[in-house]
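Next, two complexes with chain A in common: one pairs it with chain B, the other with chain C.
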Partner chain A sequence: MKYRIFRSIYILFTTCTILLNSTSSHAASKEYALKAAFIEKFPRFISWPHNNSTQEPDTVFNICVIGKNPFNGMLDKVASISTIKNNPVLVKQITVIDKISRCQILFIATTTNDRLRKILAQTKGQPILTISDTTGYAQHGVLINFYPRKNSIGFEINKRASEQSRLSISSRLLKLSRIVESSGDKP
Partner chain B sequence: MRLSLGACTLTIFSTLLIPAVYGKTSANEVEDLLSLSLEELLNVPITSTAYFEEDSLHVGSTVTVISEQDWQHRGARRLHDALLSQPALTIHTNFLGQYSVRIRGFAQSDARGIETLWDGVPLASYHVATSDLDRPNIQLNTLDSIEVIRGPGSAFYGAGAFHGVISLNSFDSDRDTTQSSLGLASNGYYSGAVKLSRSIGQDHRLNLAISTNGQPDQNFTYDYTDTGSGLPASNERDYHYNSYTISAKLKSDPHKTWSYNIGLYYDLNDQDDFHGNGRSAPDIDTSDNEAGLGMGKISITRKLDTNRSIEFQSYHWRQEHDFDRFLSVGGNRLNIHGEETRSAAKLIYRHDKLFGNTQLGLALGHRHEKINDAHRTITNPSGGVIAEGDLLFKGLNRTITSLLMDNKTTFMNNDLTLRYGFRYDDYSDFGKQTTPRLGLIYALGKQETIKLLYGNAFRAPTAVEIGGNAFITGNPNIQPETIDTYELVYMRQTKNSKFEAVLFTSRWKDSILAIDTNNDGNPDVFANTGNNNSKGLEISYDVHIGKWAHQINGSYVSSTNEDTNEDYVAFPKYIINIGTGYRINKSLSFYMQNRLMLKAQNGPGEGNFTTNELPTYWRTDLNLTQKIDKKTVIYANIRNLFNRKNYLSSLVDMEGGARDEEVSLEAGIRYTL
Partner chain C sequence: MRFFRRLSIKNKLIILIVSVSFVSIFSIFAYTTYVEIQHIHNELSRNTLKIAETVGSYAVTDLAFGDKAAATKTLEKLQNLPNLVASSLFDNKRELFAHFGPEINLHNIDLERPVNFIDNSLYITHNIIENGRNYGYLYLHISTREHDEEILTTVILGSAFFIAVILLSFYLATKLQNIISQPIIALADFAQQVETHQDFSQHIEKISDDEIGKLYDRFNHLLASIEQKQTQRDIAETELKLAKDELEIRVKNRTKELEVAVSELEAFSYSVSHDLRTPLRSVDGFSNILLEDYADLLDKEGKGYLLRIRNATKRMNAIIDDILLLSRISRADLDITNINLTDLCHTIIDQLHDLQENKRDITITIQPDMHILGDKKLIMLAFENLIGNAWKYTRYQSSPVIEIMLTKTNDEDIISIKDNGAGFDMQYSNKLFDPLQRLHKNDQFEGTGIGLATVHRILSKHGASIRGEGEIDHGACFWVTLPTKYKPHNNTY
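For the complex of A and B:
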């Protein structure tokens, strides 16, 4: 019996030692790899107005993140291997709200309601594709919001917000999405 | 000596696999994902469990999600095929054409306690609470995914979830789609399915899935020793079946203050000439089973605010079955007709942000189950009735009132997660029982966690164990059985790989088994038999490297009856699954799955039966998938590619074990509108 205990401890110790000695990595999770892939795909189904910089040659397509960046380099990987609208992609971290006007895509990390209102006030009427992954943000006016589905990720689109932003969203993208209304649109 | 060998094996297994995990991280999952279409991205799976959405790093149990794509890669035709890639899990063919799941050892003829859930509704019957898949052939084509929980789940799912849970998630789309599929195989197997999702108005959606499959007579030869002459002999079984499944669900927009889900489900499974009760009548060892299930389910959710909601769930199901098999003497046949109903209601309160760091789930439930009919008929070879009558458990009913709490609290800037909860059940026939659950999850980094999990489970006796069946006497004084399980889990998930190692130990107390009290070699009465234990290691590693995908897992399991000091020899000591996929180009890919099982005997060796070690089980399945255009996919599956003569342990002690299937080729098409 005594030997059985020793052997059990040996098994536990050996396995834990091997496992715990491994190095730690801070690469992004599968969830955010998936969201980054979605973000790269969305512009193929969205048209920006003609006077927007996406139409100009030798310009960059700016994907901005405001708030704590949850992608852990996944968006940078997208930028390094993809072009969007035939333009190279640049990922920018935004700390000051006033600086978002050069963004074609703005990912809004979870924030306070006050700050969200300020951000959306700044993007209102601008051809900026706002994206988030926080429950209720689409209803607040974010254009595309990721939501968890059973075992996968889905996205919802605030159609009215997209019309106000002068972005034209293809029917294919709309068909794949769940359409939501702004909180203020509800009767 | 046995443990010493186990310790060495664990060490070698861990040492070999760990460098593989950390040596291959150069490939990029983003690149792989970018090659997918928007539609395909929407179908990339992530994990969900219990009352809260959770990623696999922080889930408070050992759970694996098997996606539709996973089982399609492996050429799975029936429900049990989809589970064949799991470590520490075996599927045994059982009499009446049922497929018995055993998890982490304890492979004996009549072990209960693996719950099958269909969209969250428990199906394990009051009649037998069997760990045979309770509807043996709910069609894979009507499902989105399967979640497998290894270890006790009673604290969340109730008494049926004693050793583990098989949770089936039916087709549920958020966008308009029509999908159809058709498959035909060289052994006559056929399958056909239609799945449809349509929005109804702005806020409602219908999801419908209809599927059928089956196979004609297989004329599958089996060998046995003739009981009269003692000479080798052989006979045939047909393994003929036809199955149908329908799920129809109507739901409303879950973002609204009020939302609902209504579901109607139906499953019918007709199986003829599967194997019978093992060696008791080997020359006529066949059995038939026709079983049907109809179910209705409704849930209504009221959002109280952004963090709180209250949900009412209710379901009712009715199962009916006709079991038919030869008895050992004179070619007489036994038929058992049974009907059973269950109704349940539950009220769930969820709070996602209590005190800022706690997710709270509270549920109050009530369930009533009844054996409406249990009737036995014995007929002679010319069809004349020899004996007929109701079984003693006909009319038995039970009510269970439950209180359930499932909480998650985070500390240390979310690095430490405490999962805790309990289930309190008040049985009308067995009094009160509390089953606790506790888990400590520590994040070593953003992609690494270590978990220490404890789960307790309780199972009240079934109607058969109390009232007896045609062969085994019931025991009204029988007491519930319990199990305690401890798990140490290490998990690491990088951008292109996932590694998990689980060390577990379980102690199963007062196990309910059929025992032989008159020493004639055949079990004759149900009783609490004492204690058992199981321990082992499970390791799994999934990685994507460029165009390659590898899914490798393995387990070492040792389970013992402490009273007799005998091992549960029908469960293989070692299971190894190796899956390899390669994307040849954007439209063509292949996937090869190898499953090996080592060190298993041909049966549990109960009663007078002696057992022999089976040769190593090694089966190779191959899948080829060709995307013709955006809407059309064709595929070919070859099962048992090298036509190896594999044998599985037979829980009814069939001589030499149960022969696995021969090589067969299936070709099919999937079309999406």
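For the complex of A and C:
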């Protein structure tokens, strides 16, 4: 009898654990699906400069991810069914900072402050749309940074950085965003 | 159409002019009103669509990133749009995304119709498409009350103008129809006047040179020719009347002369006949005295001559009697009654039997129930003569037969008197009814030769006729045709 009660408690416990896990992972996957969709939509309201000598002719639209990819395949899924600026989309995982010049969009996962500074130093002045979802990253110089909003996801834009990057961001996109200043720029 | 036909030409013209102007002005009015309404609607919907396009493009990011708060803000910017009632944004799955304005009923929204005018409202649906991507729909509800009032004002003003123009056209039609109707009415009145007074010498003054003017000319010509014909006819009539009057006077004179001559003749013949009697009586009387008182002095031959004288005087007396009777008949008036001819014939036969010294064996057939119309005395006299002749001329017949029959037709009674006696020669048939004409010798059949003349005179007086047919020794037949109707106071000779 004792054995049986123990077994039942064990089953109940494991079931609860699985249920809890699945709900939290479900919420996370929904969040990143939305973020992936947003990333796919941003280029519609942003224009890249045409004469970019550092870039190859536009045959592929590169979305690069640096750091630990949090999308769990969502971004690849979105990319596989969409075209951006009439080009097929390629999602690349980047490990070497030097290779980022080929990217049109660079998603920067949460990383160390040191590494972020290095990456941003690399992208500064380049027509690369940097995106992140870590609090404070926009202030560091990332162009677009997601932040949680009630029932949804908001995004903030570092306007100064966007101007330096020669990317032209539509006012229609700007009106939806929270405009932030670089922390270094602050007086 | 019947009602229209009964109208006077004046009213016809007025109705015609007013209805033509009504139709034309009404169609122009209706057309311009329609065009005006269309123009106002087109202008309004075009302008609204332009605004919807701009706003729709501005709302693209709101829809793309699902930012309902931003979308509501976008819609709020529309509130300055005049007459806007409500505005809504729908996502590309047609779900309501954002709304501004009073509560709306989603069932009433038709996203398939870009422009929809219903009851003082304009509903504009703009499908937001950018770079081939459907982001959703912008739905605008605009109140058109202001425009509708503007249209209504236009319609009211137009109607007032329309009524004014119709009234004016009625007034003008009433005035102007005279130009056309007046000459026609004048002609109609004139024709009536001509008809009433039968005066074709009149003439109508021409007013216009159109078809009615020509009609006036024709009418005047017609009147002139009628007038001419009438004058000719009047002249002819007068001449005819004069000729007739003259003829009548002449006839009257001749008749008077003739009457005088006839009456003189009758008086003469009467007096002659009458005066002849006296010497005749003397001749007869004295020859009788000679025979009775001086018979011894005369031989047989002398007595014979005296007897002959006496027979001659008797005959002459009879002739004189008959002539007197004939002249009396001429003067007599007719008294027409219904006569039973059968009875009359039987009476005559009875008289004839009574006068006969020796009984005669004679077969007489008289049709029963014969009825005719005539003067009884004169008819009796005529039939006495006719039957008497038949009786007389069958004297030497071994088996004498007399047959009297009546045949009735529609307007005539034909009586036949047939015998099988001596007959007569048809070549003298035209002399049968002349007085003093005899077809037989006196020694064979006595007679004065006045009998058939008397019969003829009687029947002529009745307007009847007689004809005879015969053959020597094979009998004779006389047909008397009597009329079945007499005019009152028939004085036919």
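One rule holds in what follows: the second predicted complex is superposed on the first by the 152 of 187 C-alpha atoms of A that agree within 3 Å, B and C clash if a C-alpha of one lies under 4 Å from a C-alpha of the other, contacts with A are read in each partner's own complex, and residues count from 1 in each chain.
By our rule, a residue touches a chain if its C-beta (ideal position, glycine included) is under 8 Å from a C-beta of that chain, and two chains touch if they have at least 3 such contacts.
Treat the numbers as computed from the prediction; the structure is a model and nothing was measured.
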Which of chain B and chain C A:Lys124 touches, first, second, both or neither: neither
Contacts of A:Arg115 with chain B and chain C, given as first, second, both or neither: neither
When both partners are placed on the shared chain, which of chain B and chain C touches more of chain A: B
First (chain B), second (chain C), both or neither touched by A:Ser152: both
Which superposed partner A:Arg178 touches (first chain B, second chain C, both, neither): first
Partner chain in contact with A:Phe45 - chain B first, chain C second, else both or neither: both
Partner chain in contact with A:Ser170 - chain B first, chain C second, else both or neither: second
First, second, both or neither for A:Glu31, with chain B first and chain C second: first
On chain A, positions contacted by chain B and by chain C: 38, 41, 45, 152, 172-173, 175-176
Contacting residues of chain A [partner chain C, same complex]: 38, 41, 44-45, 152, 170, 172-173, 175-176
Residue ranges of chain A touching chain B (in the complex, touch as defined): 3-4, 7-8, 10-12, 14-16, 18-20, 22-31, 33-34, 36-38, 40-41, 45, 72, 74, 77-78, 81-82, 135-136, 139, 148-154, 156, 172-173, 175-180
Interface residues, chain B side, partner chain A - complex: 3-4, 6-7, 10-11, 14-15, 18, 21-22, 25, 28-31, 33-34, 36, 38-39, 41-48, 53, 55, 57, 65, 67, 144-145, 169, 172, 174-176, 202, 253, 255, 306, 444-448, 450, 488, 490, 492-495, 498, 501, 503, 505, 535, 537
Chain C residues touching chain A - in the complex, by the definition given at the top: 57-58, 60-62, 64-67, 70, 130-131, 133
